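Shared between the two complexes below is subunit A, which pairs with subunit B and subunit C, respectively.
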Partner chain A sequence: MMDFQMAWRNIWRNPRRTTVILIAVIMGVWSMIFLGALMRGIVAGMVKNGISTLTGHVQIQQRLYPDDPSVVHRIRDPQAVMKILPRVLPPGSRWTFRVRVNAVAANARHSNGVTLVGIDPESEARVSFIGRSITSGNYLKAGDNNDILMGRALAEEFGTHLGQKLILMSQDTQGQIASRAFRISGIFRAEMESTEKHFVFILRGAAQQMLKMDGAVSEVSVVLPHHEQARQVAATLQARLAGKDLTARPWQKALPLLTAYLDLYDNFVLIWFVVVFIAMGFGIVNTTLMAVFERMREFGLLKALGMRPRRIVKGILIEALLLLLCGMAAGNLLGWLSCWGLSFKGIDLSALAQGAEYAGMARVIFPSLWPRDILSANAVVLGLGLLVSLYPAIKAARFTPVEAMMHY
Partner chain B sequence: MNIDMKMAWRNIWRNPRRTLLTVLAITFACVLLVFMLSFQFGSYATMINSSVRIRTGHLQIQARGYQQDPKIQLVVQDPEAVGRMLDRIPGVKAYTFRADAFALVSSAERTYGVMITGIDPGREALISTLARTVQQGRYLSDQSAGDSMPGALIGRLLARNLKVTLGDELTVLGQGRDGSVAATVLKVRGIFASGQDAMDRSTIQMPLKAFQSVFSMAGAVHEVVIMAQDLADVPAVKAAIARKLPGIPADPPLAVLDWTQLMPGLRQAIHMDLISGAVFYLILIMVVAFSILNTFLMSILERTHEFGIMMAMGAKPGRLTRLVLAESVSMTLVGILAGVVMGCLLTGYFMVHGLDLGSSSEILRQFGIPSIFYPRLTPLTATAGPAAVFVITLLAALYPALRIRKLRPVEAIGHA
Partner chain C sequence: MAIVECEGLSKTYQQGKVTVRALSDVNLSVAAGGFVALAGPSGSGKTTLLNLIGGLDRADAGHITVDGRDYNRLTSSDMAELRLRRIGFVFQAYNLIPVLSAVENVEYVMLLQGVAAAERRRRARRILDDVGLADKYDRRPAELSGGQQQRVAVARAIVSDPSIVLADEPTANLDSKTGEGLLQLMLQMNQVHQVTFIFSTHDRMVMDYARRIILIRDGCVAEDRDKAA
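Then we have the complex of A and B:
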């Protein structure tokens, strides 16, 4: 305890110098925590968006559907899957059955390729973004067999609006082109413009009838209470679905690009930690060295009085430890405060919305603090900080009493 | 070298270890900034070039409004006249014509709605790198000798989804420029894999001549795609075209768009990357500045006694301030110089040998960046970062230097 008391008094012998290096450490730790959380926030936004844009945490599809999303590859017996789900999924999971195929949408002015999604309005709303994204008109409900929901961007492209007709064409299970007119009953907005242009929603029953699917669906989308469970649940489901020619994939597999982003940002965060540490490491070494050289006489005297070199090393390291701990405490607090302050409004990228879309990022970025990042940032600072302080510490322990006392 | 500079230089080496550590911190920041900025600009150049090459060209002449609302009626009526005009503009390296229409494309098994593009194979090859990504079969050609059926070049994923291979037939059904039914049969002649999934999933090209007759284009096209000699020439070429464009009679009127207008997302993404990069670099430089502030501060506090004597002998505080600043500046400059040299060497090494970004190649592929990556060292990337380091370090040095003015000779000499 006395060691700590001495070290604490020692570092405040030159308050100005200690303050300066403390600021460097605080800024370093703050930037690690805060910018790290922002980087995580970017990816978290991408993942959240990817999952709510119909993927879900786990997808069940016919084995060939992921590579060839056609009506040919459908789940012919959804009842069997429906029986398995409640038994396998953790409590609190939600799921929905969908038809999802490529189609052509057309009106008098325009035609373009879209993805036709046939949904069960109630269960769908609990799984994906569509239930809370209608900005004008109404969400689908049972019996709306002639109604269709389309994105704002697509409606603009088609020069159409609520109440007008939209014709959908797609290939049915017989290989024929099925086409049907729907009435636009709702317009939705989405995080990404590409989502607004890509998807149109009708009732599952209407889609099955139009495409002669006879009760079959394209996929089951499952949302779990915790997204970390995805891989394990997918594996369990896969085992239970054996022999049915179906595949259950976690989102990490369904969205390979996102998984690649996750890895990339993992590296970014770590590189940033190390770079910032090196920047402040120079300061830590230099400041500690100065503190040591100033006290050369003192160390010489202590040694002449019989103090062991080991204790001198220990004393200096404790000084460095206290300094680092102070900086880390303040840096963590500031980092946490900045994240908290930003957690209400986030960083709004609307001014660069097309750029955000190009990079696949959400329009608003919220910082996302990962316990793992906080731990590793502090571990990097503390571990490497003590390591580089070893150099001045050993230097101090090597002063020979005579040489040191000659100083001045 | 005047006496003050000489003194400053000797002073900073009074404590070589401290100076070295300080210089190293600055060097580290500079090396990092030079490399990172070159890296960023290299990736922008690659992204722009590959997008420009494979999709939009540097510039396009279109009917006004076509970019926002690509309607088949919004045509460039007389592409030949536009071509003659372009021939007389110096910075234009090559140009080609394209026409687009949405159509239902069916194979024996499948039907998809896709955008069909009519291209002029001879001219297109001077601009687009798509020809190089053909995996099976070959690129389109104008004369398909002895074959009545026009050829089609389609993306790998589209071919997979349509379940077609080389030699298979595709039925195309759409609407012509005049509203008539446009129908034809194409034969798959080539399958390409650009690596960008969005492109490989949705692209189908056919010869422009055949396109024009199928879609009743009456010789018109939708886009005149232009390549300038270099990305940097684009504004000049654009201005030259904009001057001459009104001279060509056209209904609807024509407009010239550059790549930033054709791909606003790309430009904004670059903006965003630059801004976020700047935030990171700024914070890094600040951390470095506080890291080395102590060196500047201590070199003054330690020498209070010495400064007191100098003042007593008649040195003006202003001169001492200058002396101390000269010390900080020369230390910074040594660090910056070393940093720029080492940064350039490091960047230069990777410019020659490339940097393998294997782990994130999936992402890069989608943006059209190859996984072996070449940073791009320019005068700007070599100096912008170090200049920022210099300014911020100088600000840090100012605080201790200005403290000298507060010194009183007698008290200062008394300082042990």
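Then we have the complex of A and C:
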């Protein structure tokens, strides 16, 4: 107890210096937690975007479809898959069947390559973004065989609007060009402009009819209650689909670029922690060394009184511990407050939308606090903080009493 | 019975490129219960001799035995233990721990010895009462006068019943009245507790109080005068 009392008083002998090092620790911990949470938020947004932009947690497709997403590679017997899903998927899972092929969209003045998506409006709304993204007009419903949904950015590019016609052209299952006119019944807005430009939605039945698919679909998209289940569920599905020439892929495989980003971000968080700590560590060593040299006579006295070197080390480490704990407590609180403050409106990156989109980031970032990151940040600061304090502590303990007491 | 015995003690220091011979072939013996002054001009080697006797530094040659312990046979850890339990120190600059109160400064030595908290507090208060600081328990060193700080230092030196107290110029920073008060206090401790006191000093008053004066000059014992003899 007296050791802690003495250490506490010692660290406040020079309040200005202690305040400076406390600020360094607080800023270090805060930046580790807050910027870590922002990075996690970016990643969470990317994953959410990726999954809700028609990927889902697990995709079931014809084996060759991922490499050649054409109408040729289709699931010819969706009913067989339909029977398996309720038995294999965890409770709370949702799924939808889609037609998804490359097509050309054209009006009187423009034409563009798009992805034609034939959907079941009800089940699709529970799986992807489209059900909640209509900003003008109406979402599709059964019987809207002539209606099409297009993105705001594509509509602007085409100079078209609700009620206008849009022609879709694609290759049908017989290798012929199929084309059909649709009326624009809804305009959607997505997180990313590229999504608005890339996808047009019609009813699945209309797409199957246009492409002569005879009830076949391009893919089944599954959303699970927790995205950590994706790999395991995909593996189970794959086993159950054996012999059907189908493949079940988790989102990590369906979105390899995003998966690579996630790995990169994990490493980046670690590198960030180390960089922050190195800056902070120099501050801690420097300040502790100053404090040690300033009190060298005192350490000499303590040694003269019979204090063992390891007790001097212990005393300095207790001082470092108290400083670190104070800084960590304030840093954690500040980090949590910053995240809480941003949890309502997030950080709007609209001004940087194109650059951010390139990386698949959401327009608005919400910080995401992970207990693991908080623990890691605190463990890094505490563990390495004590470790770097060992140097001045050992230095103080190594002086002989006479050397130390002659020190000015 | 001798509590301190030095035989053929030599010590040199390196000051830059110059080697300074601080002590040369010093032989002396101090009996238990003595009140001894090591006198001599500045740089004569008296503080070096005190440091060697206190085990704060090691001799280049010769033997020191304190309280029956031969320093040449002791490890650094043994020396620390000896200083902790058998030797008390009083320094010219008081050297109290500034963040601790008077009573805590006295207690601290006992903390290092592993004495229980309540016992520490009881003994520290009693010894502070003895040195006349009964109303100053909770004062920090900065709130005490020089004489009071040196009294706390004396209390700290004798609180754990050492065999010997080494005092390096204890009156040098005090006015003559305060210095005399301190000397009377140490003499009283010497008589009451039978603690051996060895001072390094060039203060005439300390030499007046000492029962034996060992004059050190150029690192050698130049004169050894026992007033009782």
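Convention: the second predicted complex is superposed on the first by the 400 of 408 C-alpha atoms of A that agree within 3 Å, B and C clash if a C-alpha of one lies under 4 Å from a C-alpha of the other, contacts with A are read in each partner's own complex, and residues count from 1 in each chain.
Assume a contact is a pair of C-beta atoms (placed from the backbone, for glycine too) under 8 Å apart; a residue touches a chain by one contact, two chains touch by 3 or more.
All of these numbers come straight from a predicted model, not from anything done at the bench.
Once chain A of one complex is fitted onto chain A of the other, the partner contacts of A:Ala260 are limited to subunit B, with no touch recorded for subunit C. When both complexes are overlaid on chain A, the residue A:Leu305 reaches subunit C alone and has no touch with subunit B.
Judged by the touch definition given at the top, the superposed model places A:Ile23 against subunit B, while subunit C stays out of reach.
Of the two partner chains placed by superposition, only subunit C is touched by A:Arg297; subunit B is not. Legend: residue contacts after superposition of the two complexes on their common chain; A:His110 is shown touching subunit B, with no touch to subunit C. Of the two partners subunit B and subunit C, it is B that touches the larger number of subunit A residues. Applying the stated contact rule after C-alpha superposition, one finds that A:Arg13 touches subunit C and leaves subunit B untouched. Within subunit A, no residue touches subunit B in one complex and subunit C in the other. For subunit B in complex with subunit A, the touching residues are 17-18, 21-22, 24-25, 28-29, 32, 69, 71, 102, 104, 109-115, 160-161, 175, 202, 263-273, 279-280, 283-284, 286-288, 290-295, 297-298, 301, 359-360, 362-363, 366. Within the complex formed with subunit B, the subunit A residues making contact are 16-17, 20-21, 23-24, 27-28, 31, 35, 67-70, 72, 102-104, 109-114, 157, 169-171, 175, 177, 256-257, 260-261, 263-264, 267, 272, 275-276, 278-287, 289-290, 349, 352-359.
Taken in their complex, subunit A has these residues touching subunit C: 1-2, 6, 9-10, 13, 297-298, 301-308, 311, 400-402, 405. Of all residues in subunit C, only 51, 54, 56-57, 77, 80-85, 89, 91, 93, 95, 97-100, 104, 107-109, 111-113, 117, 156 touch subunit A in the complex they form.
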